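Just below sit the structures, each encoded as structure tokens.
Both complexes below contain subunit A, partnered by subunit B and then by subunit C.
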Partner chain A sequence: MNNIKIKSKNLNVYYGDKQALFDVNLDLNEKEVTALIGPSGCGKSTFIRCINRMNDVIDICKVTGNIEMDGMNINDKDLDVVSLRERVGMVFQKPNPFPKSIYDNISYGPKIHGKGETKSELDQIVENSLKKSALWEEVKDRLDEPGTSLSGGQQQRLCIARAISVNPQVILMDEPCSALDPIATAKIEELIDELKKTYTIVIVTHSMAQAVRVSQKTGFFHLGKLIEVGNTEKIFKNPDNKMTQDYITGRFG
Partner chain B sequence: MNIVLIFLITIFSISLFFYGKSKTKTISIKDNIKLNALPKFYGYYLVLWCSIPALVFLLVWSLFEPVIIKSIIIETAANQGATFNDKNEANLIYEKIKAIHLGTYFGDIDSILKESALAYAKFINLFTNSKVVLIFGIIIASVVYSLKKIKNNNKARDDVEVILKGLLFVSSLIAILTTLGIIFSLLFESIKFFSVINIFDYLFGTNWSPQRAFVRDASSITVAELEELKDAFGFIPLIAGTSFIAFIAMLVAVPIGLFSGIYMAEYASIKVRRISKPIIEILAGIPTVVYGFFAALTVGPFFRQVGENFGLTVSSESALAAGLIMGIMIIPYVSSLSDDVINSVPQSLRDGSYAVGATKSETIKQVVIPAALPGIIGSVLLAVSRAIGETMIVVMAAGLAANLTINPLESTTTITTQIVMILVGDQEFDSPKTQSAFALGLTLFIATLVLNYIAQRAVKKYREKYD
Partner chain C sequence: MSNEHTVKSYEEELQFLKDSLIKMGSLTESQLGDAMDAVIKVDKDSIDKIIKSDEEINKFRSKIDTQIMNLLVKRAPMAIDLRETISSLKISQDLERIGDLSKSNAKKVKPLPLDLPDELLGNLKRLGELVMKQLNDVLDSYVNKNFDKAKEVWKKDEQVDDLTYIAMESVIDFLSKDKKNLDFSTHLIFATKNLERAGDHITNIAETVCYLVKGEYLKGSRPKGKVIQE
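Coming up: the complex of A and B.
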């Protein structure tokens, strides 16, 4: 069993008057893939957006309770969000490369954080990030082309490379394959397997098969509550909760 | 007479609508057949058939009737011994005859005029009567035709569709033809102007003083006069003044407009936005003449006062005052358009930037603005063409003298101001001075057209980025 990287305790999230998460207690292990499953609107995405404070972007969103990374309170008002997000990268549902060149897409983060002072250092970061996201071979000769000119799957790997470029410890993935075809999905899953050696990964997914394939630990959310969490194998073979059983066998959701 | 006819056609059409509706209903019930369209479509069908041919005929008739009567009358007058040398004198006689007929002519009436006036009355009567007869004939024919169609249970719904499509097509045709008409009238008058003044003298001349050509018929200009006029129509001071004032206006409007657009799109809370956006847009609704007298009466003298305190001579009508106020007028265009453009940058791009740890201003500067840039350029170019075409503020605040200067404290003038100056007051329509207004208008039109085209291309390019 790996160390606990992120620990949430009695985490509640409100959008205005509506409560989106109810007392979520969930631990995420270091260098492991945790999959979050559940029907749409159940709070999976809301939960991972608490980890890098992306919910700050939404004015009406309010987070209470405790969420810690390596003992540091993420929900602390005085926390430097910029340095938190440097340590917790995120990949979104729809590939969202900037309308810049492939190179600039990757170098954007490091430049902001003052990494890679010289051109050659920056080149190195770009190359490493693209290699880690298994995109280097496909794009090494056309780094000045716009990121938007890549195919959907390549764009998503570009976004993963962008997240890796600032050398985070945790990568959050919000349904990263929902806009991709099966072949591109297979590539991303392969990549996730590789990345978990270095990073702690949380992936939100609607595909049970994907959760089984990529994750070691799975959490099932329903209506803002964490219903059950455990080893992926156990959750899918022998869940404790009836609702989990019903969801994974497709009886609702 | 025409109004009565239109009224009758309308009444007739409305009653036909109800007639057609109930008639088809009863047919369908009585004969137990399924109608090819809802009863109301038969009503519409009758209305359209009853009104359109008659109205079109009335319109065409009204266009040609005066022309035909005029030529007939002038001919009869000539036959009775009236003498006229050219078209203008013929027109004069026709106007006299018309006035006699209406009883508003108070000069001497000789026998020729009297006879012609009687003939005029006769023709007017004849034309009016035949107009009424023909219109009723057309209405009866088209109503009979359409009623017959209806009795055969035609596909009235499709037919109405075809007629409506035709109507819409004609409307857009009118819009296009009017624009073309304006362009051609500009073009032809400009060609007349350029037949007197060399186009290169116009385009590259540095002196603008069209008063020299006042009240001189283009056809009777002597060679010596022409030589003198050669350097009276130099375009350079005007384009320089126009660009200069537009430039000052953009210096004011672009930064303020863009920054307020960014604030509205990115920082303002919903509440602030809801209040302040309409307020900014009110600026766009203020009539330009109000800006104009504000510039002339408040800002201009204020600058002069300030200038005096610094020991500078500031003209009370200065390019600076006009440009500044024009810039303020344009702010809402830039701000509102760039606000829209920035808003349409997908949130996902901002999220992507925040997620690697960028702050809000870094995100705006490095992701949002570059992504929105083509659209912003488009909005700025639209604002420039607005600035170039603006007249009132410049007339009131920037002066009328065509100085070729880059000192913003002096008075200067623009193309639009000069067009106003040329066309105000008594005109000799054939003089090069008056025609120069058309040349200026054409030049201005081409300039704004090019700017608008570039702006639209920029905006289009922007659209392609995300779709």
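Coming up: the complex of A and C.
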């Protein structure tokens, strides 16, 4: 088994009076894909938003407990959140390219993080990121066109290219394929398989089949609690918890 | 929390599959018993009926195959539902093979003389009764999802092996007394071997039931009785 990249211990999240996560203890292994499943509102997105401190932008949100990356306390008040987000990229449900050219979408991150000081360095980053996200061949002749002119699936791969352009260690994906057709979904899944050689990936998904296909580890959340976590094959063939079984077999939802 | 699927038709399809398998099991059971009786009583009149019932069993097998394909395509079953679906596929294959062996035994009745001595058939009868009991128990373990009972059947195949050995020995003894017995004794040897093979399929079903219930395969090797050299 790979090393633990991220470790959460007794993690609690509150939105005002409402508690969204209850004592979540979850380890994410390095260079592996962890899938988080569970009904809407169960806390899986809240959990991944703790990893890059996205919850900071919500005033009423309070996080207690521990979440560490390589032993570093992510919740540390003195932590440089910008540098954290450089290490932890994120891809959302709906592709959200900047209203800029394909090239600028990717070069923006490296520029603000002070990477790629010369044009040729930036060119190289853009090319590498697009190659890694399996988009290069499709867009190499039209890098000046707006990112929004691409198809949905291409836009999502552009967002993945944008996330990896700053050379992160972790990529968070919040239902990255829910707005995509089956072929575009297959391309993203193929890409995830490739990306896990380099990055630690956490994916939130409502598709059981997708969780089985892409992940090595699966965690099932329900009402803010991590009910069961384990080897993906085990979870989907023979889960220990009855609630997990009821959820993945479609007995409640 | 309800145990039923949110999608009712999924629930019905799974139940329908289980019902088909149970019906197939009970048909296989009757056929095995009938074939056994036919051999012991040298009842040549029942041969055709037994052969015909094998066609019924085969039809069930194709029906179950179709149900399983539909479930896999439509529902992509997970966890217990996946195990239920895959187990049905495996169990129906074993039942079909037991059906073939019973048919083969029925066919062996034709060349048998009507005046077979009791001591020759006694051991074969005991073997037949044990295999019948094993089939009944394993189907019971499937219906009640009873891991312990399935494991018991799995272990008890050792007795089937031992009785097969004894039954074979009595036929060979009989054969060695008079070479004229060679022709029909060969059929009895095959009939005995068929019962032993049916026993092996029953242990396969027992293993499948254990997997179905616990999600893990039985560990270690099955106790084996005396084995006839093939």
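Following the convention adopted for this analysis, the second predicted complex is superposed on the first by the 253 of 253 C-alpha atoms of A that agree within 3 Å, B and C clash if a C-alpha of one lies under 4 Å from a C-alpha of the other, contacts with A are read in each partner's own complex, and residues count from 1 in each chain.
Criterion: contacts are C-beta pairs under 8 Å (C-beta built on N, C-alpha and C of every residue); 3 or more make two chains touch, one makes a residue touch a chain.
None of the values given here were measured: they were computed from a predicted structure.
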item: Combined model on subunit A: subunit C and subunit B, fit or clash; value: fit
item: First (subunit B), second (subunit C), both or neither touched by A:Y15; value: neither
item: First (subunit B), second (subunit C), both or neither touched by A:W136; value: neither
item: Contacts of A:N238 with subunit B and subunit C, given as first, second, both or neither; value: second
item: Winner by number of subunit A residues touched, once subunit B and subunit C are compared; value: B
item: Subunit A-centred angle between subunit C and subunit B, computed on Cα centres after superposition, in steps of 10 °; value: 130
item: Contacts of A:F98 with subunit B and subunit C, given as first, second, both or neither; value: first
item: Which superposed partner A:I112 touches (first subunit B, second subunit C, both, neither); value: first
item: First (subunit B), second (subunit C), both or neither touched by A:I248; value: second
item: Least C-alpha distance (whole Å) that remains between subunit C and subunit B when both complexes are overlaid; value: 33
item: Touching residues (chain side subunit C, partner subunit A) in the complex; value: 1-7, 10, 75-83, 214-216
item: Residue ranges of subunit A in contact with subunit C within the complex; value: 208-209, 236-239, 242-246, 248-253
item: Subunit A partner contacts - residues on subunit B that touch it in the complex; value: 269-270, 346, 348-359, 362, 366-367, 370-371, 465-466
item: Residues of subunit A defined as touching subunit B within the complex; value: 52, 54, 57, 59, 81-86, 89-90, 92, 94, 96-100, 108-109, 112-113, 148, 159, 162-163, 165-166
